[in-house]
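You will see two complexes here that share chain A, one where it goes with chain B and one where it goes with chain C.
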Partner chain A sequence: MRTKENNQIFCDVCATLQSTRKKCKICGNRIYARKPYSLLKTLLYTLSAFIMLIPANLLDMMSSIKLTVEYPQTILGGIMWFYEEGDYFLAFIVFFASIFIPIFKILALIWLLIMAKIGKNRFSYFSTKLYKIIEFIGKYSMLDIFVVTIMTGFMQFGNLIHIEAGGAVIPFALVIIFTMLATQNFDTKLLWDEK
Partner chain B sequence: MKQAIKKKKSIIFIYWIIPIVAMIIAIIMLKDKYETKGKQVTIILNNVDGLNIKKSPVMFNGVKVGNIEDIKIDENNLNHFKAYLSMYKKYDYLVKKGTKFWKVSPEISLNKGIKNLGTIITGSYIEILPPKLEKKELIKLPNQYNFIALDTPPLNGIITTIKTKNSSFSIGTILVYKGIQVGEIIDKNLNDDYIYYKVLIYNKYQNLLSQDTKFIPLNSLEFQASLKDIKFTIPSLKNLITGAIKIETNKIGKPKKEYSLFIPKKILKGYKFTIISDNKLPSSLVYKGFKVGELLTSELIKNKIYNHYIIYDKYQNLINNSTLFYKLNAVELKASLNNFSLQIPDLKSAVLGGVSFITPKKIALNKKEFKVFESKNSLDEYLYKRSGAKIVTLLTKDLKFIKKDTLITYKGLTAGKVINYKYNPKTNYIEVKIRIKKPFIKLINKTTKFYTKSGVNIKAGLNGVNIQTPSVNSLVNGEISFITKENKSDNTKKFTLLNQSDLTKNNYFTINLIMNKTNGVKVGSKLKYKDFTLGSVENMIFDKNITAIIKINKKYKYLFGKNSKLYLETFQAGLNGIKNTYSIVFGSNIVLIANKNNGFKHNFTPDSINPINSYYQKGLRIVLRANSKAGLNVNSAVYYRKVKIGHIEKIKLSNTAQNVEIFLFIKPKYKNIIRTNSKFFNTGVLAIKANLLGIKIKTGTLESIIKGGVEVITPNKAGQKVENGAVFKLYDKPKEEWFEYKPKLRVGI
Partner chain C sequence: MAEVYLVAVLVSMIKLKSISLMTVDIGLYLFFLFLFIFLLTVRFFNPHDVWHKELIK
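For the complex of A and B:
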C-alpha cells in the first residue's frame, strides 16, 4: 500500500487508513510508513549471521565417543558420515538445511539490501518473491540442531557409545536466529519505493 | 519530531553492538578451536593397518593427545607410509626431539598372550612416549616435526653395557637381582676380542646400577638352584637352558658407563679321585640331579683316560669304596603313540651329560680309582645279576607304553622291572626283557600270563580325575602285571604279552564309528550316554575312512537299536561361547542318542556334529521359514515377552533352496504358548536408526544381540495348539500392533 503521497498510513493491526504518524487512533498500534531503520538493522543482523557462520562450520557439531575415544564431527563431517553410512536422504536433507539454506539466506539478504537501496527497478518483483522464500524457509533451518539434540538424547550407552553436542551448536543456532531477525526487520515496501 | 528522531538514533546504536559481540564470540570460539589444534607432525610408518584418517587418535598413556589427519604413501620409499598427525595444542610439549611414536594394534603372541584387545573395536592408534617425563624439562627440548615410528613399543628402562672376554649369552638372557628379573640382554656385538652386551635395566630397577654393581654369570644349573631358593616365575624355558646374569650391588656411587662381567674364582675343597674310562667323561658329577662335584683334569695314559674328579666337601660322604659310577646320558626321551615320557636328569646335564653314581653299601672311603659304567642300563644289569633275579622275555607286537623300568606287578606288589627291549626282525616281535625279583620267581611257570595294564585308563573330565589304577607310578608309566595258576617255578623263558582286555574279552562287544576325518576322536575317547560313560574307543583303523572301534560293556547292548545315533562333542569357541573345553585335552566325546528298539546296529557314522543339549529332550519342535539366516545361529534363543522359552536346534536350507528352515525347540512347559496364529520375528539385531521421521532403537537382550534370537508373539485370539513339525513364517520386523497382544495362556510348571 503506497500511501506516502497523501500522508496517509495503513495500520497493520486494524487495517484502517490513518493520517497520524505516531499511533493508530483506533487500535493504538504504533504505525509507520516504513519499518524504522529497516535497512540498517537487516544489514547488521546479516553481518552477525555471516560472522557466526564461520565458527558454525569450523567447530564440531557433535562428537561420538566410542569406547572412551572421542570422534568429533563438523557439520560437513556429519553429512559425509551420513553419506558413507548410506543414509543419502538424510545426508541430503542435512546438507540442504544446514549448509545450503544459511548461505543462500545470507546471499539473498545481501541482494535484497542492495535492491532496497536502489529502489524500484526491474528486479523488484523477483526480489519480493525471494523475500517470501527466505521468510518461509527460515523456520526449517534449525534441523541440524534437532538432529544433534535427538542424537545426544538417544545415544547414551555409557562407555560403549555416546554422543555429545559440540561447540558449533551455539554459533549455528545464532546464524539461524540472526538470519530470521534480519528477514523480519526487512521492509519489502522499500523494494518498490521510487527514488 | 526532531526530538523523537534523536531518541531513536541513540537506540539504533545498540544494534551495532550485535555484530561486534558476534565477532568477539566467534573469535573466542575459533581461537579455542585453533588452540586445540597444535603441532602438525609427520611420522613414517611401516604399516598402517587399522588406522583411519581423521579418526584414529594419538594417545599418551590412554589420553587422547591428537589425531591422524592424513595418511599417504611415502614417495621416497613406497614400502613406507607417511602419517600426518595433528596434536592438541595443550599437549604440544609432548612432541619434542626424541619423542617416540609407535602403532598399537591387537597382538596375539605366545609369550605375551593377547594384548590391546580393545583396539579390535576402536581400531589401531598411535601411541607416543616423550623423552622426559616432566613438562618443565620437556619444554626446554628442541622441536622436531618429522619422526620415524618404531616397529615395537619402546623399551622402558635404561641401557648399559657389559664387557666380557669369553662368556656367551644369547639375546633375551635375563638379569636377575635377588631372584627377580630386572632386565634383559637386548643386543650383543663383538669388538676387539671383547663381547659387548647391551643390557636393558627396567625403569624401576634403575637404582641397581652403581659404582660397585657386579654382573655375575649364572649358568643354568646355578640359575635353577636359585630358582628353588626363591619363589620365582620362570620367564621362559629358554632362560632355564641359557642361564642368566645375576646382579649384586651395594648401591654405592654413580652408575658406570660400562661394566665388566664378574667371574668369581672358585676355591674347591673336597675329595679327589680318578675314574678310568675309554672316553673323556662329562665335566659334572651329578647325584640325584644335584651337582656334587666336577672334573678337574683328564689325561691319557696307555689308551685309557684318567679323569680326575673332585667331590665337594659337604657331599663327600655320598661316595665310598663301594660306589659305582655310570655315565648320565643326555635327554632320555621315549615317546610312543599313547604314552610320552621325558626323563631329564637336570637341565645342564640334559645338554652336556654328566657322571652319576650309586653307593650300595656303607663302608670306608679310601679308594682312589674307580671304574665307570657306560650307562645306567649296564649298571643295572650288573646289579641284577649280582642280586640273583630271574630274567624272562615277553613277546609283543606293540611296545605301547613299555620302556625301561616299567614295573612288573603281581597283585599290586612290585615283582620286577623291565630291563630293556629290542625288536627281532625275524619273528616280527618285540622282545621285552624283564627281571623278576627273587620272592616272585616261583610264580613264573607255563601257566603264567603277563598282561599290560594301561596307564591311560583314567576317567578324567573337567569335574575331576578319577584314577582307577592302583599306583600313581602305573598311572603315569603303565605297568605289566601277571596272573598264575600254579605255584611253582619252571624253565619257561618266553611269554606272550597280552592286553588286560584279552583276559576279560567276553564281557564286551564293539561297535564301529566310521568317519572321514578323526574329528578329535582318539584312542581312549569316551562314549557317553546321558553323561554316563558306556565305553571308550579301543582302536582306530585308518584306511579309506577312519574307523573307531568302541568297546562297550555287554549289558548296555540294548541301547544300540537300529535308529540310535552317535554324534561328536568337539571343542568349539566362538562368540556363542566356548563349548566342550575338555575335548582339547581328552579328545572328543562320542555321545549316543539311544533307541532301544529294532535290533542292534554295528556300524555308525557320526550324526551332525555338535547338536544341542536338547537333542534328546522332549518338547515342541517347529519349523520357521525365513528368507535368510539373518544373524541367527544354532542355540540362539526363542523369546516370549523376553523370556527364553526355547532355542534354535538346527538351521538348514530348504530342499528347494528358496528359503532357510530354522528348527526351533520349545521347552515343554511353554508348549502352550505357540498357536497356529503365532507370529515369529527376528529380534537379534541391535538397530539404531535415526532419520527425520523419528529415531528407532531396537534392542533385544544382550544375549540376543550377540547370539541372535527369535521372538514369538501370540495374538489375543489365540489359535489352535500346534503339533511337532508345524511350519511358520519368520518375519524380519514385528508389526507395531503385535506388542499390544496379551493373551491368557496356561504355562506348565
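For the complex of A and C:
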C-alpha cells in the first residue's frame, strides 16, 4: 500500500495505520511519512565518521607497559601480532571487525545516500538489502573497544605490567557511534520514492 | 551486542595467554548460558505486542 499518497502513515511503534497527524493516537509516538532531515543527518554523520577514522587508525589502540618499557599497539599492529603468532583466524576476525566493517559501512552509506537522492531505480532492491546488512554488522566493530576494556581491567599490576588504553579508543568508538547513528537516521523508504 | 562481547572475551583471553597463565572457570560457561537465553528472549520478544493484546496467543 502506498501510504504516502493515501494520507495514511504507518506507525513503527504500535504497527497501526494512522491518518496524517503529528502523534499516533494509540501510542503517542511521533509519526512522519519520511524521517525528517534523513539525508542531511546521514550525510553529516557519515562525514564525521570518516574524519574520525583517520586518528582511529593512526593512534595507538592500547599500550602494555612492562617494567616501565612501553609497547604501544595500533589496530593494524594488533592484527599483525595475531598474524605473526600464527592465529590467522583471529587475525581475520579482528581485521574484519575493526578495519573492514567501518570502511565498508562508510562506503555503503555513501552509496545509499546517492541512491536515495536519485529515487527509485533498478538498484533499489539491492540498496535495501545493503542497508539491512550494514545495520546488522555494525555492532561487531565494537569488538576492539570491548577487548581494550577487558585487557585494561585485567592487567593492572603496577610497574610490573599494566595495560593502558591509547588515544585511538575514543576516535574509534566515535566512528562506530557515528556510523550507527547514520544508519539509524537513514530512511529506506527514500530508496523507493519516485522522483 | 552480547555476542560481540563474547567474541571480545575470547580474543582478550588469547591475548592475555601470551602474558600470563589463563584457566577457564565456571563464569565463562555461565556467560555462554546467559548469552543463549538472552538471544532466545530477543528472538521471541515482539515490541508491537504491547499495543495489541488481542493478538497475543
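Here is the rule we use: the second predicted complex is superposed on the first by the 190 of 195 C-alpha atoms of A that agree within 3 Å, B and C clash if a C-alpha of one lies under 4 Å from a C-alpha of the other, contacts with A are read in each partner's own complex, and residues count from 1 in each chain.
Simple rule for what comes next: a residue touches a chain if its C-beta (ideal position, glycine included) is under 8 Å from a C-beta of that chain, and two chains touch if they have at least 3 such contacts.
A quick note: this is a predicted structure, and the numbers were derived from the prediction, not measured.
K.L.:
Classify the contacts of A:Lys120 with the two partner chains as first (chain B alone), second (chain C alone), both, or neither.
P.N.:
A:Lys120: touches no partner chain.
K.L.:
Could you tell me if A:Phe89 is touching chain B, chain C, both of them or neither one (first, second, both, neither)?
P.N.:
first
K.L.:
Touching A:Arg34, do we find chain B (first), chain C (second), both, or neither?
P.N.:
In the superposed model, A:Arg34 contacts neither chain B nor chain C.
K.L.:
If you count the residues of chain A that each partner touches, which comes out higher, chain B or chain C?
P.N.:
Counting contacted residues of chain A, the larger count belongs to B.
K.L.:
Now for A:Met155: first (chain B), second (chain C), both, or neither, which partner does it touch?
P.N.:
both
K.L.:
Would you check which partner chain A:Tyr140 touches, where first means chain B only, second means chain C only, and both and neither mean what they say?
P.N.:
A:Tyr140 contacts chain C only, not chain B.
K.L.:
Do any residues of chain A touch both chain B and chain C, and if so, which are they?
P.N.:
In chain A, positions 87, 90, 93, 143, 147, 150-151, 154-155 sit in both the chain B and chain C interfaces.
K.L.:
Considering the complex alone, what residue numbers of chain C touch chain A?
P.N.:
1, 4-5, 7-9, 11-12, 14-16, 18-19, 47-48, 50-52
K.L.:
Contact residues on chain A for chain C in the complex?
P.N.:
Residue list for chain A touching chain C: 13-16, 26-27, 64, 85, 87, 90, 93-94, 97, 139-140, 142-143, 146-147, 149-151, 154-155, 161.
K.L.:
Mind listing the chain A positions that touch chain B in their complex?
P.N.:
Touching chain B from chain A are residues 36-37, 40-41, 44-45, 47-48, 51-52, 54-55, 58-59, 66-67, 69-71, 77, 87, 89-90, 93, 143, 147, 150-151, 154-155, 167, 171, 174, 178.
K.L.:
Mind pulling up the chain B residues that touch chain A in the complex?
P.N.:
8, 12, 15-16, 18-19, 22-23, 25-26, 29-30, 32-33, 54-55, 57, 64, 118, 121-122, 125, 688, 690-692, 695, 697
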